[in-house]
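Heads up: the structure comes next, in structure tokens.
Labels A, B, C, D, E and F are assigned to the chains in the order they are written; within every chain, residues are numbered from 1.
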Amino acid sequence: MFYHDKKLQYKVRVDKPNPQFARALQQAIGGVEGEIRVCLQYLFQAWNSRGPVRYRDMLLNTGTEEISHIEMLATAVCLNLEGASSSVIDTIVGNDPILEKIVGGGDPRQFLSGGLGALAADANGVPFNGSWVVSSGNTAADMYANVMAEATGRTLATRLYELTDDAGMKDMLSFLIARDTMHQQQWLAVLEELGHGNQYGVLPIPNSFPQSQEHQEFSYAFVNTNIDPDSPTVGHNTRWTQGTSLDGRSEFREIKAQPLGDEPMLAPPIPQGHAQIEQIEKANDKS
Amino acid sequence: MFYHDKKLQYKVRVDKPNPQFARALQQAIGGVEGEIRVCLQYLFQAWNSRGPVRYRDMLLNTGTEEISHIEMLATAVCLNLEGASSSVIDTIVGNDPILEKIVGGGDPRQFLSGGLGALAADANGVPFNGSWVVSSGNTAADMYANVMAEATGRTLATRLYELTDDAGMKDMLSFLIARDTMHQQQWLAVLEELGHGNQYGVLPIPNSFPQSQEHQEFSYAFVNTNIDPDSPTVGHNTRWTQGTSLDGRSEFREIKAQPLGDEPMLAPPIPQGHAQIEQIEKANDKS
Amino acid sequence: MFYHDKKLQYKVRVDKPNPQFARALQQAIGGVEGEIRVCLQYLFQAWNSRGPVRYRDMLLNTGTEEISHIEMLATAVCLNLEGASSSVIDTIVGNDPILEKIVGGGDPRQFLSGGLGALAADANGVPFNGSWVVSSGNTAADMYANVMAEATGRTLATRLYELTDDAGMKDMLSFLIARDTMHQQQWLAVLEELGHGNQYGVLPIPNSFPQSQEHQEFSYAFVNTNIDPDSPTVGHNTRWTQGTSLDGRSEFREIKAQPLGDEPMLAPPIPQGHAQIEQIEKANDKS
Amino acid sequence: MFYHDKKLQYKVRVDKPNPQFARALQQAIGGVEGEIRVCLQYLFQAWNSRGPVRYRDMLLNTGTEEISHIEMLATAVCLNLEGASSSVIDTIVGNDPILEKIVGGGDPRQFLSGGLGALAADANGVPFNGSWVVSSGNTAADMYANVMAEATGRTLATRLYELTDDAGMKDMLSFLIARDTMHQQQWLAVLEELGHGNQYGVLPIPNSFPQSQEHQEFSYAFVNTNIDPDSPTVGHNTRWTQGTSLDGRSEFREIKAQPLGDEPMLAPPIPQGHAQIEQIEKANDKS
Amino acid sequence: MFYHDKKLQYKVRVDKPNPQFARALQQAIGGVEGEIRVCLQYLFQAWNSRGPVRYRDMLLNTGTEEISHIEMLATAVCLNLEGASSSVIDTIVGNDPILEKIVGGGDPRQFLSGGLGALAADANGVPFNGSWVVSSGNTAADMYANVMAEATGRTLATRLYELTDDAGMKDMLSFLIARDTMHQQQWLAVLEELGHGNQYGVLPIPNSFPQSQEHQEFSYAFVNTNIDPDSPTVGHNTRWTQGTSLDGRSEFREIKAQPLGDEPMLAPPIPQGHAQIEQIEKANDKS
Amino acid sequence: MFYHDKKLQYKVRVDKPNPQFARALQQAIGGVEGEIRVCLQYLFQAWNSRGPVRYRDMLLNTGTEEISHIEMLATAVCLNLEGASSSVIDTIVGNDPILEKIVGGGDPRQFLSGGLGALAADANGVPFNGSWVVSSGNTAADMYANVMAEATGRTLATRLYELTDDAGMKDMLSFLIARDTMHQQQWLAVLEELGHGNQYGVLPIPNSFPQSQEHQEFSYAFVNTNIDPDSPTVGHNTRWTQGTSLDGRSEFREIKAQPLGDEPMLAPPIPQGHAQIEQIEKANDKS
């Protein structure tokens, strides 16, 4: 069950409102790397959790923390849309003016639909999409999904940091970046615990499917699809084509791509599917 | 540049067509865990790749291999939709008949829109969505996204394996499961290489943002949002609340959630936003 | 800022697991009438709130309550997907067996993607979409959006109630239905307060746009587009074609639809738009 | 059945084409507050209508009128994309130049995909989505959905009005704003009629579910989730925490949020779901 | 401007309600091949039309007709969801029982969200999407889009015809199939007129771009990407690899796929993009 | 099965990077007219192909070629996002400065999410959507879908050509435009072959449904829905209202729209659907 108070987890201050930055911030709210995604992802993983209770508990904590991050960012959007025009900064900050051009203008829906408010959408106004919420039922797979979310999320936050020189915004982002640092650590710590002290112990995910049932001659082989005889291949001196596999169970090797199956042969169309007559009459004709 | 031949990477055979299984297979084609996603993800990562050439090359190979996997699965869908009714298996296989009920019927659009063919959609007919294609510009973030994709992808493949007792389908899936085993290894091998022989060497992602610019007092602290004084907290004996952090740079600790910011205070609505008059006249009224 | 404890707002019990019902429950989680929508809607309205503080506070409370409702429903989905097959109820309950057919089978992604867990999607597996989150910046418009959400939400909950005879599920739903009753009341109470003791006092929304700037001859006129001279028109004895308008500012009347504008005349295509030559050469040709 | 003539319902004139405004207008065509939505919403409500014929008839009329509104707005987009550059107005109009920045540039797809034409999309190019079409089968719920659509729609139209000083566009919008005034009235008039002369008579929606089957101790209670003992709570002197409920059936009261359910306990993962081994072996472990 | 009457364009009768068929019919309402798509497509093409007035007029007529088709199909859905259970037909009709399995159950949202009504969605409940509305600004491109819409639409209608033996439904579909026959003819007739009496006269679309500005050595060459030396190539005796091109301007030929560009070389990551340090330091490293 | 080499199909060079153009190019990658769509469309048509093998083979070739086109365009996006600011061109090129305004700024997600890379999205950042992939099971319908895709695709490419004066970009586009010329020819050549030497021989699509089962009095009749007695009707001297139909099977004629069906009459709401009481009690009341 959930509770709230009226304060923010960390202070949000905007000295010079900037609608372009208000648009960019939307990516951290409703984008695929954003806080609504991680919030719902951690909470659904908690609610769906089957296995040791400690993981459910941990996920509930961090999922709840993320609601507070959405709240901070929504507040930051609102504050960036306010204010006397004289104090508006004209440009996105960066070493290269090309960034100013890339960010473009603001998001018209923040005014048209929101009356100067935040949206449940990304920096292009594309709505948040529930398909981004990963809760697989396999804790190791979920943890890698969480590491990935925090890795792309922290990368996004550092890019936002580069786009502003507003002291308040930089301060808020330096807090959020720190939290992403911890969250990366935390999900990897679960993987280490799950793997009995070694992250690679969780492999292959899922580890409950007997490897004897996979075609093991292909389980540690890098497939090279490059057909150019004159081009240096990818495999020289790379970690993924030679040496012991990371899980310690086999040796990496490289094989040349080649078909192991035949040309597929499908049945003719059924009458009720109403293909063209010529498809039915000349099915599998090879002339 | 890309080439093809007319054969399949691995043989695809269906002994007893099963429309319910044809529906379930769609998840592996156009679902968030499916092959269109990994195919485009690896190829976009290759095309957008900035940094050592070896990673671009590797991504091109595996991205190209995944096209062949979509081809195999689309063929499997077509074959599962064919055939004399007498040979149709009636039920999804499993130890628990509840799975039969969960899978439900087939996908009507495989007939209505496809004439007994595969769709670029998931097991519920939801179309493939390009937002699932992660190409972040940060190779470590990308690699975790790839591990996650192969972890959820292999989990999906093993669940499909459990739903069928068709020998041909089991054989095809045992090949795809083996490839997912390798792909998990391969992306982790890149992370190990990127981290100078230790996967945790890539942390925090991105490692090019100076940690001095984050609020470091929050960088290794687990935030506990649980307010129940009688409930055991998550932090006892867990790897993520004590001991050295995985990157070796700090010690984990646990802190109780508390607000560090004030109650937010927004400016009154601007006239052009046409809020209700009462909002404008009583802005920030606290009565 | 947000907090949690580990218990549920109300007890969730499933006596006879039913995967069909687990699918139907998804509509109340990730559907357009569902709890993720109202949760985010009330929270975004709170975070974007400009005007009297009391409305922000109220929205924060109810938005927070809704997170607990998602939690209850996700738990209910998980429990409906469990269990010994012998205790599975075979059919959706109702006075008319047609409902059983309509509900169909379960959602295969609850197994394939979730390992028997809830998804951030509706009863057809369509992902939750952020575009459903209404936060307009106008409190009266927001309140009607909230009444509508609770009206369709309570209707959905009563339909779910009819589909099950599981005592635990009926008990949970009777709690949620009661909460929807209150929430309908509560948003209407805000409208009454905003309208100075009369809900119609908020009209027209927004009330901050001077009515002198609208074409007032069309502001209280019902437009009848029916061209059938033999058919009784809609307007006889209806509240919306005669009598004083609800806001007391005018009289309703009915007018026959007729064009007040001309046939539109667009400029020829510009060369850079590469229309067909014939479009450019014969622009606005009327032969 | 439907018919047309070649003229517009109201005149559409653009004196100074403005591509930025052409983008903003898209919100009123294909946005969630736009005319495609209300058009399809009223028509689907009519086609699905069960109950007194008068409501079906009314909905057909207004749904048909809305097609003419889409036509007007699409024409307005086309005209705003035309014209000699010398007559282009440079900026969006408003009291605050920040609005110019928010609106940003035009929509490139109006040229790239449309050859200077309107799209079935919103102001950010997000396509119209059929999930916005509400037709619930409950007339009272539908009417609140319609009031909400016209309230957010009229708010949008007034904001567009503020963004332009083109006399033709202002004239067109003052017509559309007037129609939205009427439509708000009209749906509320249905609610009053349905409620036997009092809008609150329709409560709770649906009114055909016996209130004896809801947990009535929670039906008129405001739940306060705020845990801050020092913060004034929301409930003082507010209409929704004291006094007679709007439907006259009870008294409002306020209760402190507290869990009435236990910590949820899920069954262990089933083998076919291929969780990690550790989840299965240590299911519900609390250490 | 648009008008209506209260009758249907063609009679809609359902003798034996069938919820499975009600689901399948959704594809013809809100699916990519459905009537909402063609309705909006023809109307947007009309409203955006630049060029001879006759095409705008024609499009308005047929776009208006399609609204009446949506109305018929929505009515058919409602009627298929009604009725005494004794008269319900149990199965989808067809020569092959596999079709029954493919169609599966009904759409739960027709009850849960619609109260036994039609939705603006396809047969899998995926909402109608405005991106399907093609209005390109080039009349020839639009006409091919329309032919395609009617070709897939008529194919869908014939498949629906095969799924039912309800006399009323077959009668309605035979009307709609006839209309699709005409509409295919009609758009092709425009292409013939646009091409000065020969459909191929419209090629290449757009014909207003000077062919001298394209790389003409590739304009009539079939590119063969097949690398298998033992496999018969596609080009033998096919119309698209030899003989005069359809537009009469050149000769078809076949060329073997080969790269004409170099391996791409991108600049190193910029610092503000926060790639991993190793990407920046070893940019374009080829070891 | 699929293969690659490391070079590009055609050279991609950018002299003056331009982020606005990088945004516009996204339409050709992930837009509805873009290369991901045609790539997947041709490949799914190949994989689902039932009928003569030659069509499957042809589709495989061109589908494979399109992957190389995505690769070229993604490379072009990356190059347009690079470079010293001094060489950045300031404006989109065109005869009319209005185009500059329409295109607007860049796509912030190319930086925020991609680190200066291409996305699987369109020029507004809307993700690629699998619903655009047409594979109908009817080869004639598929070929028209392909002609349409290449017609809108080539139109898009010519518009992009007009937006740039970068010599490298113009060169790349002139290659892609040439390929679109060929692809239009090629799909029409299949239609001619399928139609036994005459494209109209494929009509009506599907040609395997007996025309005797359609209501043939409506199969060649243009329906005029225009009710204005004073307005010249569309039918004068137009190819689609008089003369022999294109398939040579009938004569075109024009009929005035009129209802052939009755006003629809639906059953009252069922109790489990929880309409308002008044709907149930006054069902089909006509007062």
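By our rule, a residue touches a chain if its C-beta (ideal position, glycine included) is under 8 Å from a C-beta of that chain, and two chains touch if they have at least 3 such contacts.
Keep in mind that this is a model prediction, so the values were computed, not measured.
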Contacts common to subunit D and subunit F (chain labels): A, B, C, E
Chain pair among D-E, A-E or D-F whose interface repeats that of B-D, sharing over half of the contact pairs by residue number: A-E
Mean-CA-position distance for subunit C and subunit A (Å): 29
Separation of subunit C from subunit F, taking each centre as the mean of its C-alpha atoms, in whole Å: 32
Touching two or more other chains - residue numbers and ranges from subunit C: 1-9, 23, 32-33, 47-48, 50, 54, 57, 60-61, 64-65, 75, 78, 83, 96, 99, 104-105, 111, 113, 115-116, 121, 124-127, 129, 131-132, 136-138, 140, 152, 155, 158-159, 205-206, 209, 225-227, 257, 259, 264, 266-267, 269-271, 273-275, 286-287
Subunit D-facing residues of subunit F, complex: 23-24, 27, 31-33, 96-99, 101-105, 122-126, 152, 155-156, 159-160, 225-228, 231, 257-259, 264, 266-269, 271, 273-280, 282-287
Contacting residues of subunit B [partner subunit F, same complex]: 1-9, 30, 36, 40, 43-44, 47-48, 50, 57, 60-61, 64-65, 67-68, 70-71, 74-75, 78, 113-121, 127-133, 135-138
Of all residues in subunit E, those that touch subunit F in their complex: 3, 5-12, 32-33, 54, 57-58, 60-62, 64-65, 72, 75, 78-79, 82-83, 111, 115-116, 126, 129, 131-132, 134, 136-138, 140-141, 144-145, 147-148, 150-152, 154-155, 158, 161, 174-175, 177-182, 184-186, 188-190, 192-193, 199-200, 203-206, 209, 211, 213-227, 233-234, 238-240, 245-247, 252, 257, 259-264, 266-267, 269-270, 273-275
Complex contact set, residues of subunit B against subunit D: 94-96, 99, 155, 158-159, 162-163, 227, 232, 237, 270-274, 286-287
Residue numbers on subunit C that touch subunit B, as the complex places them: 1-7, 17, 19-20, 22-23, 47-54, 81, 83, 85, 88, 104-113, 115, 121, 124-127, 137-140, 194, 202, 205-209
